[in-house]
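Here come two complexes built around chain A, the first alongside chain B, the second alongside chain C.
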Partner chain A sequence: MPFAKKPQVFNASINELTIGTGDKAVTLGGQNVYNLYTFDAPIANRPKVGLEISDNGCDIPAALFAGVDCPVERAKKAAALDCVDFLCIRFDGADPNGENKSVEECVELAKKIADTVDKPLVIAGCKNIEKDSELFTKMSEALQGKNILILSAKEENYKGVAASAGLAYGQKVGAESAVDINLAKQLNVLITQMGVNGKNVAMNVGSAAAGYGFEYVASTMERVKAAALGQNDAALQMPIVTPVGAEAWSVKEAMASAEDMPEWGDQETRGIAMEVETAAACLAYGSDAVILKHPSSAETIARLIAALM
Partner chain B sequence: MAKFITIGERIHCISPAIREAMNTMNPEPILKRAKEQLDAGATYLDVNIGPAESNGPQLMQWAVKLLQENFDNVPLALDTANKAAIEAGIAVYNRAKGKPIVNSADAGDRISNIDLAAANDAIVIALCSAEGIAADNDERMMHCQNMLERGLGLGMEAEDLWFDPLFLVVKGMQDKQMDVLEAIKMFSDMGLNTTGGLSNNSNGMPKHIRPIMDSALVAMCMMQGLTSAIVNPCDTRLMETIKSCDIFKNNTLYADSYLEI
Partner chain C sequence: MALKGLDIFKLTPKTNCKDCGNPTCMAFAMKVAQGAIGLDKCPHMSAEALAALSDATAPPMKSLQVGDHKLGGETVLSRHEKTFVSKSLYAVHVCDCMDAAAQDAAIAAIPAVDYERISERMYVEMVYVGHSHEKSAEDYAALVGKVKGLGRTLVLGCTDVEAAKAALAAAAGCDVILNGANEDNYAEMSALATEAKIILGVRAASIDALHATVEKLEAAGNKNLILDVGTENVKDAYAAAIQIRRAALKDGDRSFGYPSIVNVAALAKGDRHLEDALVALFTCKYGSIIVTSSMDYARALPLYGLRQNIFTDPQKPMKVTPGIYPLNGADENAVCCLTVDFALTYFVVSGELERCGVPVNFLITDAGGLSVLTAWAAGKLSASSIAKFFEEQDIAGKIKNRTLIIPGKVAVLKGEIEAKLPDWNIVVGTNEAIQIVNFMKQYKQ
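Let's look at the complex of A and B:
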């Protein structure tokens, strides 16, 4: 009997979410099949690749950014890469327990970058809940019309972040949960109950470097997509944006120097490998965009995506 | 598994306000009842226009257009003994949110409503009785087979026949309740979709008892595999029970606000 192929196409789809403006705007999601399953149905919007720039110095070995202290210059270099769809500016320096840069200073930098590069911007905070809430409000206001994505609203501060970014200033809101599928859904429900259109929300359902509890990330992403597509769950149809670089470059395989671990070989090569492995797995399980730190990782992942589409 | 489908039963010509609205083609009372039911979480709305012998087709078209235009093409169950009215309703029906449901066929003299559904690419509620209530599950399953074969023979997909075991009133037929539940399990084991007028069980009971009986029964039915029911979605206890059972069945993903969505 001949093999009859039965495509697994769903009657539901992931929301389309556009960030940025003009020619360089990028659209995430939109598919009515599992991630990368182009053999089931065409996928209009391939997964996207973002490169992360810190407002502090570059903390990874990458030739492109070596000796470039100015974040605007680094952003320019990153945006010039064809493999990069959008930039993520992470304001590590805003951390009250670190450099404690003022919100005004951070906003000034973001405006400069927004005026310099034409690729879409994602704004990430310093992980201090109070400071981030203030930072995101002012960023959303200052970059009105740039259609940025704010990463992110969490359980502790979603009200303020969603009200400013999502309602007052018309930006896109990232909803962040830490590998907790029920909370991922709950946050989306709460944010939409505030009046934010679910079509303007992206999810960061959490990440972990490959080998560091990644199986929980994988099963969370898988379950989110299964509910979104198979059960037509509108509270989970938001595209997933996963900051991979920050996780991958914080484990010993990526951080240990070649002097400390000569048998592991070159540190840069190891870090890129960790980042590429993690990002590829995220894309397979559910991420509609990954945010990376090393330009070579971005190049590799962009090639992988192109080959699979 | 798909979420349990609720068909709101409150647009029914037996209600004086709705009958009056249908007689005078007054949109307001009908829109109000539709909104209440949709806000309460109904998926489909049943539109019962009664026998409507004089103006059935015209009345059904008016009601279908009225509801779909005002509520984003809400999917509807067209409920009348007047076949011409059902066909007229389907002719103006928008399928964006789901196929129309023909309510209903049985294995007796209403079996040709299956033909009507097949000819119009509609879902049909297939009541497993012919002349009077089925005596036992052997008879229910015989009716089920007959209607299934008829539908398949006319090119329908099995999933578009929603089998109704015929819910029986507890006061008077208490000893038959487990038969109904067993029948649902048999339909479910065959992979068939199921529905029915669940609140029939509590007919004649005091008003404050009915939601309790209906909720207990819907939970037992969902355990047996019931996929849909014709209910009053404004019954909060019932809807909370359905949503909770959907969680246990893994039909929906749990979130703390699951009762609100």
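Let's look at the complex of A and C:
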């Protein structure tokens, strides 16, 4: 009996979500098969690669950014890379427990970057709930018309973020939940109940570095995609955007110096390996976009995606 | 796989002879389907019917064993459905096409990665010994002889029958897989593998040709197989890995019900970081044996962690061994921080403690592998359990410092612990791991 191909094509699909404007705009999602399963049906929008720039200095060993203190300059260098589909500006400096930069200062920087680069922008906060809410509101207002993605609205502050970014200023809203399909769905439902069109929402269903509880990330993503496609669950059909770099570059396998761990070898190689291995696993399980920190990681993942399409 | 009564009925003699004790063949078939009676109750079943039925009731994917390693036997495509039973195994590629110095260097580097992570030994389980057609059977056998000394399972990547014979002779005494059958040589290779009682790897130019070749091997009686997903390009290899596994588990295609082998060393074509990405990708999606060009710590640390995560039993928490873990060069005078033995808690908290730079004696108590709040709620993290842990581990004898920091989430235990451990100054720590660095820095001041 010859091999009978049985393509697993679903009657539902992941929402298409476009960020940015003009010919550099990128579209996530849209597929009616599992991630990367091009052998089941053609996938119009390949998964996308974002590169993360912090408003503080660059905290990883990367030649491209070495000695470049100005975040605008770093953004320019990152945006010039062909492998980079969009930029993620992370405002670490806004953290009240850190440098506590004012919202105005952060918005000023974001505007400068938006005026300098033509690739789509994702705005990430400092993880302080109150500060982020204020930051995201002002960012959404200042960058109106740029079609940015706000990363992210959480259970604690989704009302403010969704109202400003999603409703008042027409930006895209990232809904962040902690590795649980039910929490992810609940947040999407709450945000759409406020009147935000579900087609303008992306999800960050949680991330972890390989070896650090990644099984929860894997299973959450797999179950989300299975429900979105297999059961046509509209509350889970948002594309998944996963910030991989921030997780990968915070574990000791990536951050321990070669002096401290001589048998582990060069730190940069280790960090990139942690980042690309985690990112490849995220893509296998369901990420429609990954956000990375090292330019070599971005290049590698772009090559991986190209090889699979 | 569950069989329907009607499927069984079709294979009965349909004579309603009642020899089985049932009024009709249909009634008999229904009872067999329910598992109420065995097929052997019917004395008139043909041999073909019995073979077909025993095939249909066999597991969808073969379980194979090579040495101490298990391959295949999976029943689900996703880990949340049920546990994966056989983790991906890694092999490092050496080839007789390398010059002698390169061969020696590659072989010497294989034992370098060997460490333990949450009670699991992390090392390169196998060596893939490749044969190039420019080299002689003697060259190949000589390389096999050299690699043999490592004591790892050998995968012989060789489609030349004579070279394979020489290599098998040289590998005598080792656990071996012969990855050598293709559309042209499968009959001879199968004879070789069957005689040596080893697993035979099968490759073909396309997934359809692979299926056809496997069917021919099965017809010849060889069901001790492993399927090579191909080395032509990444896209086809990934498609094959998924389609093979899905056909076996979802669509019941027995001819694809075998473990797979993926040669990412060949797919990555020397691109180091692309190879990192590919080993991870094929660990997630269905590589049973994954062949890499090399294994160093940079590649191994994330990879083995990922594998441990993916292949862990979703119903069983991963536990670390209870005890004292000195961090940042801590000695007996360093402060003690206590938490539970849930592996994720251990990794997150120890990572943050290491980042804070303060010497700490990190104490892991036995809480049944549960997280802090869950363990507390289940009564597995209490003042008594902590006091018992202190006594068993002789903490007071081993550590001179008398300050103990407990997780913020069990602040409620402070009073009871003070009562049980009167010599100790109990400090309530943070609720979340991300607050630890700040907390410890302030605490130090």
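Keep this in mind: the second predicted complex is superposed on the first by the 309 of 309 C-alpha atoms of A that agree within 3 Å, B and C clash if a C-alpha of one lies under 4 Å from a C-alpha of the other, contacts with A are read in each partner's own complex, and residues count from 1 in each chain.
In this section, a contact is a pair of C-beta atoms (placed from the backbone, for glycine too) under 8 Å apart; a residue touches a chain by one contact, two chains touch by 3 or more.
Since we're looking at a predicted model, the values are computed, not measured.
Judged by the touch definition given at the top, the superposed model places A:Arg223 against both chain B and chain C.
When both complexes are overlaid on chain A, the residue A:Asn182 reaches chain B alone and has no touch with chain C. Greater residue coverage of chain A by touch, when chain B is weighed against chain C, goes to C. Residue contacts after overlaying the shared chain place A:Ala235 against chain B, while chain C stays out of touching range. With both structures placed on the common chain, the touch criterion links A:Leu190 to chain B but leaves chain C unconnected.
When the two complexes are overlaid on their common chain A, residue A:Arg270 makes contact with chain C while staying clear of chain B.
Put simply, chain A uses residues 223 to touch chain B in one complex and chain C in the other. Chain contact summary for the complex, chain A toward chain B: residues 181-183, 185-186, 189-190, 193, 223, 227, 231-233, 235-236. Only residues 1-3, 251-257, 260-261 of chain B touch chain A when the two sit together in their complex. By the touch rule above, chain A contacts chain C in their complex via residues 1-6, 8, 36-39, 97, 127, 209-215, 218-219, 222-223, 226, 248, 250-253, 255, 263-266, 269-270, 272-274, 276-281, 283-285, 296-297, 299-301, 303-304, 307-309. By the touch criterion given at the top, residues 78-80, 112, 117, 207-208, 210-212, 215, 233-235, 238-239, 242-243, 246-247, 250-251, 253, 255-256, 271, 273-274, 276-281, 283-285, 296-299, 301-306, 308-310, 312, 314, 344, 347-348, 351, 354-355, 434, 438 of chain C touch chain A in their complex.
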